[in-house]
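Per-chain numbering from 1; labels A, B, C and D assigned in written order.
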Amino acid sequence: MRVAFLGLGQMGSPMARRLVSAGHEVAVWNRSREKAREIEGARAEDTPADAVRGAEVVMTMLADDAAAQEVALGADGFAAAMAEGAVHASMSTISPALSRRLAEEHARRGQGYVAAPVFGRPEAAEGGKLRVLAAGPKEAVKRCLPLFDAVAQQTFDLGEDPPAANVVKLCGNFIIASMIETLGEVFALGRKSGVAPEALLDVLGTALLSGPILAGYAKTIAESRYEPAGFKLRLGLKDVRLVLATADAAEVPMPVASALHDRYLAGVAQGLGDLDWSGIARLAAESAGLDG
Amino acid sequence: MRVAFLGLGQMGSPMARRLVSAGHEVAVWNRSREKAREIEGARAEDTPADAVRGAEVVMTMLADDAAAQEVALGADGFAAAMAEGAVHASMSTISPALSRRLAEEHARRGQGYVAAPVFGRPEAAEGGKLRVLAAGPKEAVKRCLPLFDAVAQQTFDLGEDPPAANVVKLCGNFIIASMIETLGEVFALGRKSGVAPEALLDVLGTALLSGPILAGYAKTIAESRYEPAGFKLRLGLKDVRLVLATADAAEVPMPVASALHDRYLAGVAQGLGDLDWSGIARLAAESAGLDG
Amino acid sequence: MRVAFLGLGQMGSPMARRLVSAGHEVAVWNRSREKAREIEGARAEDTPADAVRGAEVVMTMLADDAAAQEVALGADGFAAAMAEGAVHASMSTISPALSRRLAEEHARRGQGYVAAPVFGRPEAAEGGKLRVLAAGPKEAVKRCLPLFDAVAQQTFDLGEDPPAANVVKLCGNFIIASMIETLGEVFALGRKSGVAPEALLDVLGTALLSGPILAGYAKTIAESRYEPAGFKLRLGLKDVRLVLATADAAEVPMPVASALHDRYLAGVAQGLGDLDWSGIARLAAESAGLDG
Amino acid sequence: MRVAFLGLGQMGSPMARRLVSAGHEVAVWNRSREKAREIEGARAEDTPADAVRGAEVVMTMLADDAAAQEVALGADGFAAAMAEGAVHASMSTISPALSRRLAEEHARRGQGYVAAPVFGRPEAAEGGKLRVLAAGPKEAVKRCLPLFDAVAQQTFDLGEDPPAANVVKLCGNFIIASMIETLGEVFALGRKSGVAPEALLDVLGTALLSGPILAGYAKTIAESRYEPAGFKLRLGLKDVRLVLATADAAEVPMPVASALHDRYLAGVAQGLGDLDWSGIARLAAESAGLDG
């Protein structure tokens, strides 16, 4: 397939290389031109517009909303140069709002748009082991699948509305960031309590973080099924109290633990103490004006 | 081995049964006596003191600190009735502070004490699939190992200081609770953004929650190795901003995301923007008076 | 003076009336025209451009950034119709960023710009009892003073850089919002602890909220003078602990109290326990990359 | 009156001196004896028990719960030595829970108990300008009034249940701590936005912190009267958004502002946007299981 690939950073370069290896005809562009010349077997172009001319699919992997908007829709943006019927697959982490706008602008020009952000680090991109979250019109997504297959081990179908894929990607990054902060508090507490980081890592990595436990809770929450309780919400409050008491004695500020205390306490105060402890998810939903 | 098992709730009953099945001589006690009579093959006793007499190991699985303290050290507590040289393995989730006190009281009486809280739900207890976190004097832990093997798939050795095991257990429960809250916010955001819970679950369960990603971050933080960056802290801030902007537009309050924003913003403000985004763990450590 | 007043909501209408009463020649405009006709003695105009023609000062009191930007700088915005040398006094609560942009656009046209947001509710506007926070070039501010005097009991001079006034106004509203949330938590705690709201109000209103205490702390923080301690930071931690323990027992979630606990705990963990308890302000500054 | 005064720290010493000056017969005790000898005109005693013998009222001003409990109820505590019919006025900031216990212990001995914590710093104690929050049986409080008059400008009557006074005192300290944190965030934002601390202080001290504004909001919340709105909750959300956007651009983490954003967003999401912006207090109440 004739493909244009715009944005050759840590993620984009290995992705473009994999497209070349898979036998596609690839034109590349990058703001600093040296990066473009380093992709062997691809045609380096000077402007986004030059790169996309004649392409059936345009893939973008740009730094942020500002870059994505300028390169696609700015004064010299590529949208105007894309062929009617061509498809833009936007693979970087951008806002659902910009994704919506890109979908509209491309539609107005008779072009397709697929939101296709990815999970995975540069090594995964090199090995073709990314995971693609794809959302857009069925025909447009179908056109892109062979290209996604060249860079990813799996493509998730998130329906026909592009921003949905961006929301899911942001949810994923939020979960990782939350776990990072949580682990930051955990290792600080461990260190001040005389627990060696390696010992803590050994237990958490084996028994908790890589097994089915966390995914199990995700399932419970996705299904809003908080009864019967596997472990009661009021016992969750008890344990969060123990965490905070231990942290208080060791002088370790734990802002996430404090937020959890407020949430579990609200759950018990509102009469939900006999639900499963995952039932605090109901409070998050209700605070957003949803039914629990 | 002659074992006493005190506390026959949802976790304790299946654990006691497995000890019987494994061929140990088991005496049981529970506050409400019917539960004790239901453990076939075990000797039901009327008081904790009666149950522990003659036992080589006393296992407890009691509701909370108050119960554990009263049953062990109260006016009719079993500590006074335990044989010199016998070992108390305390398997419920209690505070490190009470664990320290139990260790001292038993030592004063020439008895051993092992903190041995567990990960796993009732089903895991029935199947002998718990994970035990054990800490205490080597000889005492060694004595308990055959019993732990009867109820668990794995026993972690957390050293000779009992409270360490309790700290690790609390850290584990804190991580689960934090993930529950995080997922609660995530599914609320998904619902208000038009993403079906099943689609979100499919992606998160497969691509994030059950793979090696989260454990990888735990390793980075355990080793305080934030350079070179796989994904820069300043990009982490960018993504948390996108999460909050999306949530703001959808009217979804996300307290954990707000806390993350404060942390990432502090990281960038303090000149750490080029670290890996897991580097906010350094801020958690520093706020506790540790070096980062 | 010839004045144009744009934006006749709850605040704008009484302000425009006071300008008329003070003897100024006032042209008014409002998106819904009836409001404009209700200002007796003023000339109602159909467009912002018509209203500002010939005016020496243009005052705006518009709903938000979007409205302020469109009315001033949009396709039919008034900036193009203002006379060279005229001054725009922007009195609504807008962002410092928009204030900076307005300053630049007016300067480019040879016009003056003063940021002049106000404290005070509609009743204060009617009585001429507002407080104006003014920032802008000296000559431009001087031109506006007689107009400010017509609506306000006091005008603060915040220097020559307009966004400074908007920052101070936002700080003020943040303080009020924070006190509202704090009081919300306080009255919930009071109610669940058997303290009548009227009794609580009687004490807090008299002894704390209207006296010099809070302003005294503002002075300490403005001067970063945390030694000698009037009340030590470690005692502050003690009291926050008592608040949280009381709230925990009464089942009252208090998110601000939780945040305070984290802050005071960090202060003590970092060796600041002997500073005055206002010394946690140093941590807020440091987290922003400032010296404490 | 014959009075015993126990605890001669920064607050206790000037209070004891004022009792002497007012003509009372005062016995004093302090853990470190030199402090006791420095109170001219008072009788220094070696133990709490010696000090209270014969006293009609025993006043205590001790460091914390642990000290208060030990001095009153410990092995050598003074409760056993107090006369039947004598009254204990506990003036330090202790927990409502300990206050309840002291009330019970004294009642059991036929003694009176009044919780009487104070607002005011050492200078206020010297000048007799404290404010006393008194709660206890009418007769007992009445007995103490002449003594309170010697140290305070005002005594609030908080009813017959002693812990109520301790709750109110803790609420007061929580409000001050919250304002300290809020001001810490405010001055950090000001500094990073180019606003001089003195200019900010000038405005805030004059226009906001010492006037009737904050007390007015306390009244609204005490009466749960959120309609009609003086300033709508949805406008409050708008302003909190502007605060956070300004802080984000200036790289100033503001945890309290983040918490406020979550609260206001929840208010709007739940359909309360047209209430007065003090209406978020309803959410605090509801999260505690109260009706709003």
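In the analysis below, contacts are C-beta pairs under 8 Å (C-beta built on N, C-alpha and C of every residue); 3 or more make two chains touch, one makes a residue touch a chain.
None of the values given here were measured: they were computed from a predicted structure.
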{"item": "If a chain touches chain A and chain D alike, it appears here", "value": "B, C"}
{"item": "From chain A, the most remote chain by mean C-alpha position", "value": "D"}
{"item": "Of B-C and C-D, whichever chain pair has more C-beta contact pairs", "value": "C-D"}
{"item": "Distance between chain centroids, defined by C-alpha means - chain C, chain D (Å)", "value": "29"}
{"item": "Chain B and chain D, separation of their C-alpha mean positions in angstrom", "value": "38"}
{"item": "Whole-Å gap between the CA centroids of chain B and chain C", "value": "48"}
{"item": "In chain A, residues with contacts to at least two other chains", "value": "251-255, 259, 262-263, 266, 269, 287-289"}
{"item": "Residue numbers on chain A that touch chain D, as the complex places them", "value": "255, 262, 266, 269-271, 286-289"}
{"item": "Complex contacts: residues of chain C adjacent to chain D", "value": "64-65, 93-97, 119, 121-122, 131, 133, 154, 156, 158-159, 161, 163-164, 167-168, 170-215, 217-219, 221-223, 230-231, 236, 238-240, 242-243, 245-246, 249-257, 259-260, 262-264, 277-278, 280-285, 287-290"}
{"item": "Contact set on chain B toward chain D in their complex", "value": "241, 247-248, 251-255, 258-259, 261-263, 265-266, 268-269"}
